[in-house]
Amino acid sequence: MKKLINDPRAVVEESVQGFGLAHANLVTVSTDPTFITRNDAPVSGKVGLVSGGGSGHEPLHAGFVGRGMLDAAVPGAVFTSPTPDQILPATLAVNAGAGVVHIVKNYTGDVLNFETAGELAEAEGVSVRTVLVNDDVAVEDSLYTAGRRGVGGTVLVEKIAGAAAERGDDLEAVAAIGERVNANVCTMGVALSACTVPHAGTPSFDLAEDEIEIGIGIHGEPGRHRIPMENADGITDRLLEPVISDLGIASGDRVLLFVNGMGGTPLSELYIIYRRAAQVLSERGASVKRSLVGNYITSLEMQGCSISVLRLDDELTDLWDAPVHTAALRWGV
Amino acid sequence: MAVLDVTWAVKWLTLSAQAMAEHRAYLIELDRAIGDSDHGENMDRGFQAVLDKLSETPPGTPGVALKLTAMTLMSKVGGAAGPLYGTAFLRAATSLGESAEIDPAALANALAAARDGIVARGKAEPGDKTMVDAWTPAAEAARKAAVDGDVLAVLVAAAEAAEAGAVATDPLVARKGRASYLGERSAGHRDPGAASSALILRAAVGAAA
Amino acid sequence: MKKLINDPRAVVEESVQGFGLAHANLVTVSTDPTFITRNDAPVSGKVGLVSGGGSGHEPLHAGFVGRGMLDAAVPGAVFTSPTPDQILPATLAVNAGAGVVHIVKNYTGDVLNFETAGELAEAEGVSVRTVLVNDDVAVEDSLYTAGRRGVGGTVLVEKIAGAAAERGDDLEAVAAIGERVNANVCTMGVALSACTVPHAGTPSFDLAEDEIEIGIGIHGEPGRHRIPMENADGITDRLLEPVISDLGIASGDRVLLFVNGMGGTPLSELYIIYRRAAQVLSERGASVKRSLVGNYITSLEMQGCSISVLRLDDELTDLWDAPVHTAALRWGV
Amino acid sequence: MAVLDVTWAVKWLTLSAQAMAEHRAYLIELDRAIGDSDHGENMDRGFQAVLDKLSETPPGTPGVALKLTAMTLMSKVGGAAGPLYGTAFLRAATSLGESAEIDPAALANALAAARDGIVARGKAEPGDKTMVDAWTPAAEAARKAAVDGDVLAVLVAAAEAAEAGAVATDPLVARKGRASYLGERSAGHRDPGAASSALILRAAVGAAA
């Protein structure tokens, strides 16, 4: 294992410190327990937005703290959801009286820890609504699993719900927008290589030189199945097909196309994937109105990508376009 | 004859912490195969924090020791295991109440309460390939042993059943937790949470021996 | 070699196509020969800025085409400088009569090809000035080499010269600003792993599990020397020291600190590097006024990073802060 | 007896293209060791384009063939090699003028012009571990052979000298081009551009044989 780290157990702490130093104009880092808030939190009258999860997915979530997106991010250990004693103070810190929305990726650990924190916050008089993100179409039989995972769509939920909160929507409305995004986005991912969790020291799975993992999550876990290596267009089709069919994308649909890198794939390759995905969507009569290409929700240094499609309507488009000022996503300001 | 008082409880938790440290890599490896490589690290971090807490505020009763453990695991472990173990220890503590010493029946009840807490929290059923598959037979064996056995016999029955339960997760296809995403590919691997549960119940025997 | 590509020889073409599709609101992609221009080029009255070089460094340069930065980017084959027959039409396309600045990284191939293109453009009546970027302090004896390479500092030169052009500076002034940035920035890089050029198919060098390359460039070439793996703070000190001493950073200096990922390193690790570098600079009495952390000038999927320090003055700071709207760098708009 | 007319020139360029395709991986490997792994790809791409051009617009004289080659390499090779080979072929073409057939003296002059073009462009001296280390001895050997040899003898002398020159780059420490960044570490490897130069001059012999 070769990493730019000091102590494997200090990775999150030191990385968050560096993040705080680099973006002191945007965020405040609280330690013991660790969470990150936007500098002007709580924003008077505004619904607070809190997300969090295991670390190792950077820039998610800390990179999305700031105007027009999250009010707080709560990082757990690498690939380990944070604990209620982090989530609760983050929730209290961003509550301006209008309540707080928790954006939670659907993993057992995240759900249980945010659930507890939400109860504790309610007990302290803060109204909390939870938006559960579960956009991963790779999980086929949600009856026999912990349900679909929250993956790439999380970024879109955070951006759009963040814009709704920023324009002054109330608690129920912000949660409803977040749920609408979640209901209209599907994602599927592929890994060309595994990643190595710092405290584990060995790659999260073993993959032959000519194999890839289809249907991976974002925690370095193996995917649903393993197939021989294919070219970029073939892989794109394989990822996009279930996304399109699950969303029921039809001719005339307007969509946002999000090609996300898992951390170790060159940007140039993500654009090769984007090219094919955009072509296929146009062939189906869908119109790609917005795009996002880059490393936004990653698995450490894993090579691979995910493709997300979000069905847009006028309101979601406007909210997507609304100004956002965070370390990792910025426009209009 | 074994006496399950606060000294035993502290020793149990200390031996558990030792077991987590010792088997950290093993539990990571189990989780690497069907999860995300963190279970050993999470449990080790959590139980080291438990040791710190225990020496900071020495508990007066077994119940207090377990409650302190519950709160610490809840705030230090994270992931799925944190809330589940937290709930288990919290329910066990509540079940024990303020008694200074635990008799066989109380012990069996506490183990059953722990098991029920995990199920209430995680909604897993036996056979879903989770820690429930260690705790369910453990609680059941404890209940039977408590009918005419002493506390040591109850602890041994629980530990053995948990170990057998953990081994029995090997062929199962996971239906809860992170391993469920693997579908059929989860078969042929031991559930990490069931394995750590067996280690913790074995430590309880060690503390009483 | 496992990559998200189709034909290794079509990597640049397909990637640029995808880039054009994803950012059609910003850029126009010309093919045969290939170059990328901002949509509104030539901008009346404005000095044009053209940069280019081998591909494989994305987002550089195409990701920096847009308002406040480059007018055109000219991508060569992977790690191969572009040719005059690409550079010339790009230069002509962005010339609005105020002349064109070529920003050229100091590599023999880039220098020779831009030189020829510049002569051809002059022959067609376009005034061309060249800013040569050579910020790599890893190259020690420039007398006995092709001179210092252009690396991380290139991004800063492009941003700041771009802002100068946007505010209306004339040709000489834009070139002078670019040269001032170059004179005040130093960079040094490290590789933890090699990268694999698609058409080559094997890693660019072999590195043992416990070795790192110090003083690498951005073309997957081996570095100046190889040392045993160290922790992040140790590596940071090793990179930063020559940068600080070459620049002669003194107490009271205001600087921009740029930690750049080589493409395959998690963002979280870059922040660990940033943390230490910011600490060391403060200890020296320098004041870190601006920061940039991320993958901006890469070597495909190489793991590693570079640290750049730019000495700021008021004007450079203002130009850095000026609005920029490109695919990879955006603020104020 | 070998006649160096346009047929020879086209055959030379065709054999050069074949040599670049055949030795593509070898040249990439040389460049991988002390450069950036692209020289074989660049030369192969460039000479394939030369073949296309030659069949699109068949040249009338050796000079026209070399000029077409120069322009094509300049616009298709990129990197350092593109402008350097482009200049070499351009200067050689200019030196040959419009003559339909090349005699030994003209041949030696053309090779010297090519060599001088590379030096003018790239500012490298002999011993800097570049293609100059193949072209300098080649031009020199051609000059000597032209005194009393026929064109084939001149070509053979040039090719052999270029090959020896390329081999002689092995121990050198690079002072120009990308390999110079390696400092002492560049010693012990053959310069890719010197190697491709030797291949091209060897192809000239093959075309005349």
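Which chain is which? They are A, B, C and D, in the order written, and residues in each are numbered from 1.
Note that contacts are C-beta pairs under 8 Å (C-beta built on N, C-alpha and C of every residue); 3 or more make two chains touch, one makes a residue touch a chain.
Fair warning: this is a prediction, and the values are worked out from it, not measured in the lab.
S.K.: Identify the chains in contact with chain A as well as chain D, in label order.
M.R.: Expected: C.
S.K.: For chain A and chain C, let me know how many angstrom lie between their CA-based centres, rounded off.
M.R.: Roughly 29 Å separates the two chain centres.
S.K.: When the centre of a chain is set as the mean of its C-alpha atoms, what distance in Å lies between chain B and chain D?
M.R.: The answer is 75 Å.
S.K.: How far is the middle of chain A from the middle of chain B, if each middle is the mean of its Cα atoms, in Å?
M.R.: 32
S.K.: Could you work out how far the Cα centre of chain B sits from that of chain C, in whole Å?
M.R.: 54
S.K.: So which stretches of chain C touch two or more other chains?
M.R.: In chain C, no residue touches two or more other chains.
S.K.: Chain D: which residues touch two or more other chains?
M.R.: Not one residue in chain D touches at least two other chains.
S.K.: Specify the contact topology among the chains shown, as one of line, ring, star, complete or other.
M.R.: Contact map by chain: line.
S.K.: Provide the full list of chain pairs in touch.
M.R.: Between chains, contact exists in these pairs: A-B, A-C, C-D.
S.K.: Where on chain C does chain A make contact in their complex?
M.R.: Touching chain A: residues 2-7, 11-12, 14-19, 21-23, 55-56, 58-59, 63, 192-193, 209-210, 212, 229, 231-233, 235, 257, 263-276, 278, 288, 291, 293, 295, 298, 300-301, 303-305, 330-333 of chain C.
S.K.: In the complex, go through chain B and note every residue touching chain A.
M.R.: Checking each residue of chain B against chain A gives 28, 32, 34-38, 41-42, 45, 74-84, 121-122, 173-178, 180-183, 185.
S.K.: Across the complex, what residues on chain C touch chain D?
M.R.: By the definition above, chain C touches chain D via 9, 33, 54, 76-85, 107-109, 112-113, 115-116, 138-141, 144-146, 149, 197, 199-200, 202, 204-205, 217, 219-222, 224-225.
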